[in-house]
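So, here's a batch of structures to check.
First subunit A sits with subunit B, and in the next complex the same chain sits with subunit C.
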Partner chain A sequence: MGRKLISALLGVLIALALGALIMLLQGYNPLSTYAALFSFSLLGWSPLATTLRNAVPLILTGLSASVAFASGPVNLGQPGQLLMGALFATLGGLSLDLPPLVMIPVLLLLAMLGGAFWSGLAALARHWFNMDEFITTLMLNMIADYFTYWAISYPLYDAEAFSPMTPQIHRAGWLPEFGDFNSNVLVMLAAFGALWFLFNRLTAGYEWRLTGQNGLFARLGGVNIERNYLAVMLVTGALAGLAGGLVVMAGPHRFLKGLGANYAWDGVMIAVVANNGLVGTLLYGLFFSSLQTGALGMELITAVPGEFIQVLQAVIVLVVVAGRGRLDWLLERSLARQKARERAA
Partner chain B sequence: MSVPFLAMQEILKIFPPAVVALDRVSVEFRPGEIHAVVGENGAGKSTLMKVLYGLEAANSGQIQLRGQAVQFHSPGQAIAAGIGMVHQEILLVQEYRVWENIVLGLEPAGWFGRLDERQALRSVQQKIDEFHFNLDPLARVGEISVAARQKVEILKLLYRNVAVLILDEPTAVLTPQEIPQLFAELRRLRAGGKTILFISHHLEEVLELSDRITVLRKGRQVATLETSATNQAELSRLMIGRELARPPRPAAAPPGQPVLEVEGLSYRDGAGRLRLQDLSLQVRAGEIVGVAGVEGNGQFELVNVLMGLNPPESGRLLVQGHDLTRAEILERRRRIAFVSQDRGRLGAAVRATITENALMTHHRLNPRFTRWRGWRLEARAALQFARRIETQFGVSMASPEQPFQSLSGGNQQKVILGRELLLETPFLLLDQPTRGLDVGSMEYVHELILTLRAEQRAILLISADLEELFRLSDRIVVLHRGRLVADLPAVSASLEQVGALMLEGKEHPDGPQAD
Partner chain C sequence: MNIFKGLINGMIAGATPILLAALGGTYTYYAGIFNIAMEGMMLAGAFGAVLGSYFFHSWLAGLLCAILGSTLLALIFILFAVVLKTDEFITGIALNLFAVGATTYLLRQIFAVKGAFSSPEILPIPRLHLAGLEKVPVLGEILSGQNLLVYLMLAALLLSVYVIFKTRFGLRLRAAGYNAPSLDSSGVRTAVIRVWALLICGVLCGLAGAYLSLGYVTLFSENMSAGRGWISLAAVILVNGNPWGIALISLLFGFTDGLGLWLQQSLPSQFTAMVPYLATLAALYFYSMRRKRLAR
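Let's turn to the complex of A and B:
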C-alpha cells in the first residue's frame, strides 16, 4: 500500500512537472498558473465545496467502471446509464411531491433504477444473443443520448425555456445544502462505503473479484458466473445512474441539454488511472475534480486557456499508467544490483 | 590441457529483487564430451544454460571459449560462436517442410538473392546423412512426430555448424521407445567431435548417457563428477541434500464400492470432431486408476467433461450413485475434488491472496465460512483455514495475505492440494498433479495421494509421467485418440507395453506381452 501511494504521488508530480514544461514552452509562468489553479479549487471553504461537489459524478461513474472492470464485464455504458438515471430522477421529481425525507430517497432509488435498467439491457443482450457488452453498452450510450434529448425537447419540455430542458423538479427533491457544501457528497460517501463493503466483505464481492482475475478458475470453483455477471452489470449501472440523479438533484434541479457533460468518460479514465481500485478511484476523482474546478480560476487570473487542464489530465493518465509497474521494476532491479555487489565482494 | 575448451567462471545471476539463481557457479566443459547438468526444479540448470546461450545476462562472472573471454548478448551471437540450444518447447514453423525449417534464417542465396532450393536441400540432406538422422527433409513439420521435430531442432543447429549443443530436458517430450534413438544420435554427435550439454532430472538417463555430471542445488554447484565414478544414490543425495525416501508401495487394501462410474461417454468438440468415444471407466473406493496417454489424446476433454466445462454428447457420469452428467459445477464439487495441471489458468487466481485462493469452493459448500445466510464472508474463518493448510501441508509462506503468485511452484501446489483435499470429497480427479514440481515436492504429493487411497477415496490420476503412474496406480488405463484402449493391473503391466499402447493404440507385435 505504501509503495502504491508513493508510486501514485510520484506519477502525479512527474506529470505536473511535464505540464510545467509545456507551459514554459508556450511562454506561460507555470508557478503562478499552478498557484491560481489550486487556490481556486482547494484554498478556502467555497472552492473546496465546489471541488467536492464536482467530484461526486466523477467518483460515482469511476466506481462504476472500477467495479465492472475488476469483476470482468467491460461496462463502458456509464454515459448512457448516467443520463437514464438523471431522466428517471427528473421524472420522479416532476410527478411526485412527497416530504423531503421520503422524496430524496425515492428519487435516488429511481436514479439507480434508471441506470440499472440501461445496463440490464446490455446484460440481457448478452444472455439472449451472446452480444458483447463492450459493444452494446457503447451503442446504448448513443441511444440514451438521443432518447433523453427527445424527452426534454418534447414530452418534458419546459414551455418557458428557450432551449431543451425540463421544468424544475419539486422543491422536496432538492438536495439540502449546508453553507457552501452540498449534501450530494454525503450520498456519494454512503454509496462508496456500501460498495466497499460489498466488494471486500460480502460473498458476492469475493466472487466478483476472483472472477475478474481468473474467470475459469472461479467457474471451476463452483461460482455462478452468469448470475454474478448480471449482478455486476446491474450494480455498476445503478452507480452511474445515481451519479446522474445527483447531478439533477444537487445542481440545476432539472434535466437540461448537455447535463451529462464528460463526467462519465472522465470516470472511466479515473478508473483506469486508479487501476480499478476503489480507494484509488475516490482519491483520483477528488484530484481530477480539483483540476477541473480550478481551471476556471486559472483562466480568470492567467492567460493559460482552460483547455490546458485537459492536456494536463492526459499527461497524468499516461504518466501514471505507464509508470505503474515500471517504478516497482526499477526498485527491484536496484535491490538485485545491491545484492550482486554484496555477493561479489 | 592448460586452456579449457569452454569454461564458465564465477557466474552470478540474481533475479530481481533478490533471488539468487546462480551463486558463483564455475564449470568447465571438455571438447567432445556429453556433460549432464542435473538438479531439482529451481536449482538453476536452465538459468546456467541460458546465461551460456546469451538469453540471460549474468550479474558477474565470465565465459571463456578456447581461452578467449566471450560475452553473448543474444542467442544469435552464441550460435555464431558455435554454441546452440534446443529448447524444451520446440519452436518450428508447422506449415514449412523440414528442410525449410532447417535453413530458415540462413538460406543459401541464388540469383538475385532468390532462395537456392536445390543447394539448400542438398546441404540439409548432407547433414542428415553425416549424422545418420532418420528424417525426410521434404516432410511437413506439422505432420511429423515430436521426436522427429526435436531432430529438426538439432539439425538446425548442426546446419549452423555449432560445436556445442545444449539440450534442455530433451526426453521430456519423448515416449519411452523414442529415448534410446535420441541417445544413439547424441552419441554419434559426440563421436563427430561435438560437445553436448544435457539438462535433465532423470538420473537413469543421465547415468546412461553422459561422460561427466555437474550437480546444482539451489543455485550452487555442488559437484562435478565422472559418470563412471558415481551412482544414482549419490547423485540424488547431492541433488536434494538427503537420501530420497522411496518406501515400497504399501499393499493396497481391497478396493470397495464403485465411486466414479463413467458409462459410454462421448464428446464432440465445437468443430464436430469426436474427441472422446464411448468411454467407460470405474474407480472404486480406495483405488487409484492411472490414465496414460500421449498428450492430446483426449485427456483435456475428459477433464473438461468430468468437471462440467463441456457437456458430453452421450453417456453418463455418476459419483457414488449420483448422476452428475448434466449437473451444475457447484453440485459436482460436492463430490469431486480437482487438481489441474495448469495452476495459473485453472487452479488459482495468482494475483489474489493465498487466503482468497484457499477459500474457493469452500465458501459455497461449508457454512462455517459465511454469516448472514451465506451473504457475508467470515474473514477470520478463512484466515484460520489458510493457516491450517499452511501447517497441515507444510506450505512455507510469509503470510496468508501475500499474493498467491509469490509462492514457489511447490508451495502453490500444496495450497491447491490442501484446498481440494479438505473438501473431503469421495472422488478426486488429479490431472498431472506433479507437473513442474521439483523432486522433493513430487515425493510429497505422491505420499499424499497414497494416504488418500488409504482413506478409501477414489482417485483418477492423469499423468504424462509413466514412472509416476506405475508407482501410484492400482490399474492403468490407456487413452488413445479419445478411446480407452486398455485397462491393465499396474503390477503386471510393463513400461514398454503401456508405451506401445500409448503410441499405437495396440500392443507392440514384437513386445514381450504379445505372444
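Let's turn to the complex of A and C:
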C-alpha cells in the first residue's frame, strides 16, 4: 500500500509539474492558477460540497469500469449506459408522482434498470452470438447518444424550452439537499459500500476477481464463467445507469442535451489510473472532481480556459500509469541488487 | 441516375476517412499493437488541417499540419506504449481523451471560439478533375472530380497491400505481430518495427482527419471524429487486418452513411445518424456467425 501511494503521489506531482510547464510556455502563472483551482474546489464548505456532488457520477462510472475490467469484460459502454439510466429515471420522474420516500428509490432502481438494460444488450450479443463486447458497447454508446437525443427532441420535448430538453421531473423525485450538500453523495456511498462488500467479501465477487486474473484457472476451478460474465455486465451497467439517474435527480432535474458530458469517459480514465481498485477509484474520482470543479474558478480568476483540465487529466493518467510500471521496476531492481550484494558479502 | 450518383458519391465520402484510418490501423494490427488511438489521431489531424489551412492560406499546409498533428499523437503513443511499455489499451484511452481535451483547449486558445470554428479563410482540399476519366460513359462523373484525398486513399490502399505482403518491411511487420521474440532473435528489433507502424498509422489518420475538416466541409468542431476511429478499429478487427476486406467494409459503412442521409426524408435525423453504428453491429454479427460456422 505504501509503495502504491508513493508512486501515485509522485505521478500526480509530476503530471501537475508538466501542466505547470505547459502553462509557463503559454505565459500563465502556474502557482496562482493552481491556487485558484484548488481554492475553488476544496477551500470552504460550499466548494467542498460542490466537489463532492460532482464526484458522484465520476466515481460511479469509474466503479463500473473498475469492476468490469477487474473481472474480465471490457465494458466500455459507460457513456451509453449512463444516458439510458438518465433517460429511464427521467421517464419515471415525469410519469410517476409518489411520496418522496417511495419515489426516490423507485427512480434510482429505474436508472439502474436502464443502465443494466443497455449493458445487457451487449452481454446477450456476446452470450448468443459471441460478439465482442468491446466493440458492441462502443457502438451502443453512439446509438444511445442519438436515441436519447431523439427522445428529448420529440416525445419528451419541453415545449417551453429553446433547446432539446425534457420538462422537470416531479418534485418528489428531487434528491434532498442539506445546505450545500446534496444527498446524491449518500446514494453513491451506499452503492460503493454494497459493491465493496460484494466484490471483496462474497463468493460471487471472489469468482469475478478470479476470472479477471486468470479465466482458465477460474474455469478449471468450477467457476461458471458465462453466468458471471452476464452478472458483471449487468452490475456494471446498473452502476453507470445509477450515475445517470443521479445526475438528473441531483442536478437539473431534467434531461438536457449533452447531459452525460464526459462523465463516463472520465470514469473509465479514473478506473484505469486507479488500476481497477475500488478504493483507488473513489479517491481518484474525488481528485478528478476537484480538478473539474476548480476549473470554473481557474477560468474566472486567471485567464486559463477550463478545457485545460481535460488535457491535465489525460497527462495525469499517462504519467501515473507509466510511472507505476517504471517505479515498480526500479524498486525491484534495487531490491535484487541489495540481495545480490548480501549474498556476495 | 442522379439518386444513384448521389448514393455513390455519398458512399465514397463516408468511406474515405474510415478507410484511411483503418489502413493505418492495419499496420499497427499486423505489428501486434492494440491501437485504439485512431479516434484521437483523426481528431488531432482534423484540427491540424484547419489550423494549417487557416494560417498559411494553403490546403497543402493544412494537409501537412494534419499529418503533423496526428503524428504528434502517434509519437506520444510510441513514448508510452513502446518506450515506457505502458499498457496499450490505457495509453489509447488516455490519448483519445487527450485529443478531445487538447483540441477543445486549442480551439479556444487560438481561435477564441467554443464548439466549432469555421471561416472563409480556411481553404478546402481541391477536387481533382481528370480529363481522361471524365469521358468514360456513365462512370466518368464518379471517377473524376473526386476529392484529392479520395485518390490518395486509393493509392494508400494499393501501396499498403504491396508494402505489407510483398516487401521485406511488410514481412517484418507481420512477424512483429505474429511472433515478436523470433523476430527479435533474428536480429530485427520489434520495437523499431512497431515505431514505424505507429508513425505510418499517424500519417494515415492525419489524412483521414484532414478529409473530415477540409474534405466536404471547411470547419472544425469539437469531437468531430464522432466515433469514426472506433468504426475503423472495428473494421480492422472484423477482417483480421486484410486491406481488401477493410476497403469492402469501409465502402459498406460509407453506403450506410449515404443511406442514412437519404433516409432523412422519412425518419428523424437522430435515427438515420445511428445507421453506420448499427451497420457495424450487423457486420460484427455476421463475422461472429461465420467464425462460429468455421469452428464447427
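Keep this in mind: the second predicted complex is superposed on the first by the 334 of 345 C-alpha atoms of A that agree within 3 Å, B and C clash if a C-alpha of one lies under 4 Å from a C-alpha of the other, contacts with A are read in each partner's own complex, and residues count from 1 in each chain.
The definition used in the following text is that contacts are C-beta pairs under 8 Å (C-beta built on N, C-alpha and C of every residue); 3 or more make two chains touch, one makes a residue touch a chain.
Everything quoted here is computed from the prediction, not taken from an experiment.
In the superposition on chain A, contact is made by A:311 with subunit C only, not with subunit B. Legend: residue contacts after superposition of the two complexes on their common chain; A:333 is shown touching subunit B, with no touch to subunit C. Contacts of A:203 after superposition: subunit B is touched, whereas subunit C is not reached.
Of the two partner chains, subunit C is the only one that A:321 touches; subunit B does not reach it. Contact with neither subunit B nor subunit C is seen for A:10 once the two complexes are overlaid on the shared chain. Judged by the touch definition given at the top, the superposed model places A:220 against subunit B, while subunit C stays out of reach. By the touch criterion defined above, A:146 reaches subunit C but does not reach subunit B. Subunit A is touched at more residues by one of its partners, and among subunit B and subunit C that partner is C.
Touched by subunit B in one complex and by subunit C in the other is not one residue of subunit A. Residues of subunit A touching subunit C in their complex: 26, 125, 129-132, 135-136, 138-143, 146-147, 149-150, 153-154, 262, 265-266, 268-269, 272, 305, 307-311, 313-315, 317-318, 321-322, 325-326.
Subunit C makes touch with subunit A in their complex at residues 76, 80, 84-87, 90-91, 93-95, 97-98, 100-102, 104-105, 108-109, 226-227, 230, 233-234, 237, 268, 270-271, 273-274, 277-278, 280-281, 284-285, 288-289, 291-292.
Interface of subunit B with subunit A (complex): residues 12, 14-18, 20, 23-24, 59-60, 307, 309, 328-330, 333, 338, 340, 345-352, 356, 359-361, 363-365, 370, 374-377, 379. Subunit A meets subunit B in the complex at residues 201-204, 206-207, 209-210, 213-214, 216-224, 329, 331-333, 335-337, 339-340, 343-344.
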